[in-house]
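Two complexes are shown next, each including chain A; its partner changes from chain B in the first to chain C in the second.
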Partner chain A sequence: MIAATTPKVDWFALAPVLALLAASGLALLGAVLVPRRRAHGVGGVFAALGFAVAFVLSALLYVDSGEARNVVAEAIARDRFAALAQLIVCGAGLLAVGISWSERPRVEEHAGEYYALLAAAGAGMAFLVAANNLMVLFLALEWFSISLYVLSAIRADRVESLEAGLKYLIVGGFGSAALLFGSALVYGSTGELMFGRIAEATRAQGLESDPLLLAGLAMVITGLGFKASAAPFHMWTPDVYDGAPTPVTAFMSAATKTVALVLAMRVLVAAFPQLDEFWTLAIAAIACISLAWGNLAALVQRNVKRMLAYSSISHAGFMLIAIAANNELGGRALLYYLIPYSAMSLGAFAVLAARERELGRAVALDDLGGLGWERPLLGLSLWVFMLGFAGLPLTGGFWGKFLVFSAAVERGWTWLVIVGVVATAVSLYYYLSVVRALYMRSDLEVRLMPAGGSPPREGLLQAAVAACLAVTVGSFFAVQPLTDLAEAAAKQLPF
Partner chain B sequence: MTTALIVLPLAGALLVWLLPWSRFWAGSVALLVALVEVGLWINTLVGFDFDAEGLQHAQRVTWLADLDVSYHVGLFGFSLWLAGLTVVVMAAAIAYAFWAGRDRPRSYFGLMLFLTGAIVGVFSAQDLLLFYAFFEAMLIPLYVLVGVWGGPGRIGATLKFVIYTMAGSLLMLAAIVVYGLSEGTFDLVKAGTSGSTWLFLGFVAAFAVKAPLFPLHGWLPDAYRESPSEVSAVLSGVVSKAAVYGLLRIAIAKFPEPAQELRVPILLLAASGLVYGSLLAFRATDFRGVVAYSSLAQMGLITMGLFALNDPGFDGAILQSVAHGLISATLFLLAGSIERRAATGELPRLGGLAKGRPALATLLMTTGVIALAVPGSASFAGEFLILVGVFERGWGWAVVGVVAIVLAAMYMLRLISAVLHERRGRAVTEDALDLRPAELAIVIPLVACLLVLSAWPAGITERSFAGGPDDPRAAVAGRDDGWTGYAPLEEDEP
Partner chain C sequence: MLDNWLPFLIYALFALAIPVSMVVMSFAFAQRPAKRTRTRGLPFESGVSQGPPKTQRFTVSFYLTAMLFIVFDIEIVFLYPLAVILNELAWFAFLELLFFIGILVVAYVYVWRKGALEWQ
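Moving on to the complex of A and B:
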């Protein structure tokens, strides 16, 4: 007979996840119990509250986790590394609620479910970054992925949205399968699931060149590559980003990328330190492919959402450089980079969402014509976000690139810096084409065709954009406190 | 003090952007800020001790402690002169834009003030990353100023301009990262010298594009032609000098050995640019084309002075930078005024403007004559020093310089006669006005500065380098293959 023992549960470590789960449940209950015309408001408020409470809880968790330790039968890592990633996810979620708010007439029918899924996805992500064993990893990955599959397809009246959901489901399912298979191989080789013990077993049993373990590691990297939308595992990205409702895209681009990269760093550093020669090279190669493919493909896009999708692939490449560096500076660079990157990404998609609602169709580059003069806040913000993506000073994107390059140099891989520099130079072309469209078209060229009536009131969206702008610019000046946060978090990984 | 010089225009920019000024008030406030900035600079100048070694008015605040990045600003003698050039030309440019009545005044003047702050920042930054931040921050307003308010070909012009510049600066960023990490600090004063040729080339790439140095000048003609005239004035007069500062403060001072080793190829490029630019200026068919290509030539000459790597070369380069900045700013503003009257800058359609327009004729003539380095002028002093400097490196360089000066006389006189004299061009109407009082009030101070410099070039040449460990002259002195000062000629290399 097997004695059933329940592990001691550290509820505080799980608090952000639980808060989001509770918010999700309440929003779902609201969808059933509250009259339909109120459902949107109730769902939105619950989701926002959930993200806000989870944000505060992760902040507390960060403060309280000066000492990293594993809790709940060692399945959950209670450390600052996870807490900081949770902070980014919750912040992104809160802003995503703000961006979604004025989407109201469009998601009326499924408003309750929409916010419930958003909070559930957030909960899954918060769970994922704290994962300390391969089972929890897979569970959390599927948890947030399934929420996102549904969210992508939530505009059931639009064929693009359905297509996005289906594509994401199939390709994402493939990625998850690779990850699961890889986990099984790693388990088969080492007999362990905990990250730390995998490393110990590898060392103790001398498995450094075990083909089973290597194959498993390669498949884990593949699976995470799918989630992080790094080339060559990126093919779902443009279609899903384009087809999903724009607020969902905004959330995905910021939060999914954050958790996938943060988790990739944790797994690789904690579980496979003996195989670092293999995986640093593999990650560096993926980074180069992402940089090349993302930037080149972005050059020819006319649809701005697709362009940003490719740009997000290239940014995955930049952040993978930080992982490939495999040093503490890299950890710091990754965590810092994610802060302005998330803000810029959310903000840029928010501006596109506003323009989309105004015009009633997908935004092509030409559709941005004159936006800068017409709606100064949105235009200026989009301009700053583009400069930030390109890594120009006065935005946190500059420090992000700088720290990533520094990490690569510290590792001794100056060639990665050169690749990054060339990629940045190429990326300028398409980022600037947005700025050009915003400001430099003469009045005659700009033919605006609003869908009808005056633009909808979008107080919350504007507030969200302003917040993103503040983070983007603020992180340039406040680089010291932010890197301190990132440093304290990165120190808790066993580099 | 230095911080005030940087922050004042930036604060002015925010003020102009955020408050709902009318056209008149936006321009007035911007002009007022620009003039106060000039006053602030004069105040700095008066309190500056030109004999003291090292940085003055320095200020250092840690920015990112782990990698030793800081907000570190301060002025050397030569940076003070370049900053002075900046504030004077920017004030003139803002006044000119105010007079010309640019559209969307709040955005325009805000950007001009922002640009002023960024350029002064470049000339005073003592931290590599801060320098890079200002260097790039300069590009942002320029991109918009040309792209929104420029001529019909502005989109292509800005695209070329930005791609060229950014390609250069990103190489510099890579060099900065590698150099800073290997030194353990990004502080220019603390960092030691390095012997790495690759890093040196990374920095030189950025400055060679910005200057521009032959053959990286592809962006120049379009950018100078399509910009509003006062932006061209700033681009060629001031922004190009960021390259001079960068070469001097970083490339030469921190990489003395590679600078020494690569001196000949760089001198060759600079000399080719000098001759090539002069020839193109002689062939150009429009007013701005002549000034644009003459800028290319002059930047080649200044670079020759810098890479003579000796005292007269450095002194001459700084003097010539200031003189050329004032000259080309004046010429571009005059070009703008002429284009407003004739609706074209094409030389074959101009001509005969001198008759009945004495003020225009006098000012253009004076500036032109100073530009062709007539003896007694500021640019004569500058060019002479540069020639002395490069003569030290071999008489052949000086011959190229002299040939180019003859070419300068040819293209300048051709420009003057094509615009002012000859038969009245088709684009010039009888009733085209002479320069208006407002234009005079803008251009005359610039020309007056030039005349003062002509009378007293030593004002700059003796007050640029005070020595000390951070002085670029100290970096090249001693490690040279011979002579670095005004020493007797028999110590020359053959």
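Moving on to the complex of A and C:
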């Protein structure tokens, strides 16, 4: 006779995940049970509904989680920190569905599966940000990663797409292995899986300089670094971002980065407070390398997708500064920064997706000539996204960087601010070169114009880009309410 | 402090020693015939000659069926322990079981309708 106890399941805390999982299942069934020409529509509608419902549920969860607590046998953290990250993921997912809608002729064969995987990846991400123990962490990480591996390779007729999927699988698998090995070492050293109890065991047993624990922590940081595409764990990023279907890239760049960084902050702050001297320095070093490598490599890119991939590496560097600060201001800065960053990233890749469809090939910098005049909304939006990436005022990117730097100053790491400012100055060059390519070309320089006829309407894509534009600019003006939200969430972490 | 790292050192030494010893020993103890014969140039598997070249081909359906078998076989692996303590866990386990099977049914319907179970 086994004395078994069942955990009390807080279904509400799991509701966003379950909504997305249901959407994924329905989209998958739609792929085989409805006629093929309808599969795209059915899958898209289910995925959009799933993300929308999950968005609302996360918002309710945020409102309801004034007190942070651990539920489902302490495996899941029910707090505002997770709920806000889930909001960002669901918003990004909803927009990604909008961006993908125009891909209709390209993914026709796997349309239902495409949306099912998108929703499944969203579910895994929503699960990951609420993880409160090392096993849930690994499970959720694999859950969304495997979905993304397949999504990267879903256009099996293109060799670049297959290459992206394979590279992501192998390098991502390596990162996951490092994370798993690290988790095993942490467990071996402390005997605990829950984040909070790891910290307690470290304090109680005086494990501050235990080599097993330190090695485990280092490997956990490595694994999360791979997912956040921070240098020196970034080598897969340009190839995968370039080769994957552009709507998938848009979703990956916004949502994967969000969850990897949010979870990194949670696990470091909650599980390893005694080792903060070690990990703050390690994260600061990774941030500096990301800023330097991302920006310098972006300078020489001609392919715009690759350039944005390197830009996303440098932005990982900025957000890692917020984590390295290891204070409440850092938590606030990270959560705020992710909102405009996700919008800009999604929007920029959406514009590229539209241009790519017109040209039928990868978009080089020169191919942007004339886009600003032909499709004013897309051109204007791309312009604003680039200024936002560079951190200029009137976009949320400005406040994001400002908050990150103020968190670093609070910690007393002015040198990190200087690195960040220099990186921003360097980044202006390549961000503004996109603006130049868009608007400041003479007719003679614009070598290639798309074939005649009016541009495709692509209503949902335009709406998604407009929404990204609204969030990018709106987050500049609504900085106070948004930072209040972020602050209330960051307060619930044990800084 | 330093002796704390001793297990790591031993672990690392073993991790290094095994592959290195394989390579080194295959050079050191190999009996090399004086002449380079045709047999020596052939690839071998564990020292066993491959024999005549095989051109026999398997249909990809074998792999597909094998993969699907494993996926649905694992389901049983998870259901057995649950079945053993189903009485103690009562409704909770039953609902979890239904949930688990529900997810598998989605996968099964997908596989079935996709035609992956048809022998081609």
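The rule we apply is simple: the second predicted complex is superposed on the first by the 486 of 495 C-alpha atoms of A that agree within 3 Å, B and C clash if a C-alpha of one lies under 4 Å from a C-alpha of the other, contacts with A are read in each partner's own complex, and residues count from 1 in each chain.
Keep this in mind: a contact is a pair of C-beta atoms (placed from the backbone, for glycine too) under 8 Å apart; a residue touches a chain by one contact, two chains touch by 3 or more.
Worth saying up front: this structure is predicted, and the values here are computed from it rather than measured.
Once chain A of one complex is fitted onto chain A of the other, the partner contacts of A:209 are limited to chain C, with no touch recorded for chain B. Of the two partner chains, neither chain B nor chain C is touched by A:139. Of the two partner chains placed around the shared chain by superposition, neither chain B nor chain C is touched by A:296.
With both structures placed on the common chain, the touch criterion links A:417 to chain B but leaves chain C unconnected. In the superposed model, more residues of chain A are touched by B than by the other of chain B and chain C. The touching residues of chain B, counted against chain A in their complex, run 62-67, 104, 129, 132-134, 136-137, 139-140, 143-144, 147-148, 154-155, 158-159, 162-163, 166-167, 170-171, 173-174, 177-178, 181.
Listing the residues of chain C that touch chain A in their complex gives 1, 4-5, 8, 85, 88-89, 92-93, 103, 106-107, 109-110, 113-114. Contacts from chain A toward chain C in the complex involve residues 1-4, 6, 21, 25, 28-29, 31-33, 209-211, 215. Chain A meets chain B in the complex at residues 373, 387, 392-394, 398-399, 401-402, 405-406, 409-410, 414, 417-418, 421-422, 424-425, 428-429, 432, 435-436, 439-440, 479-480, 483, 487.
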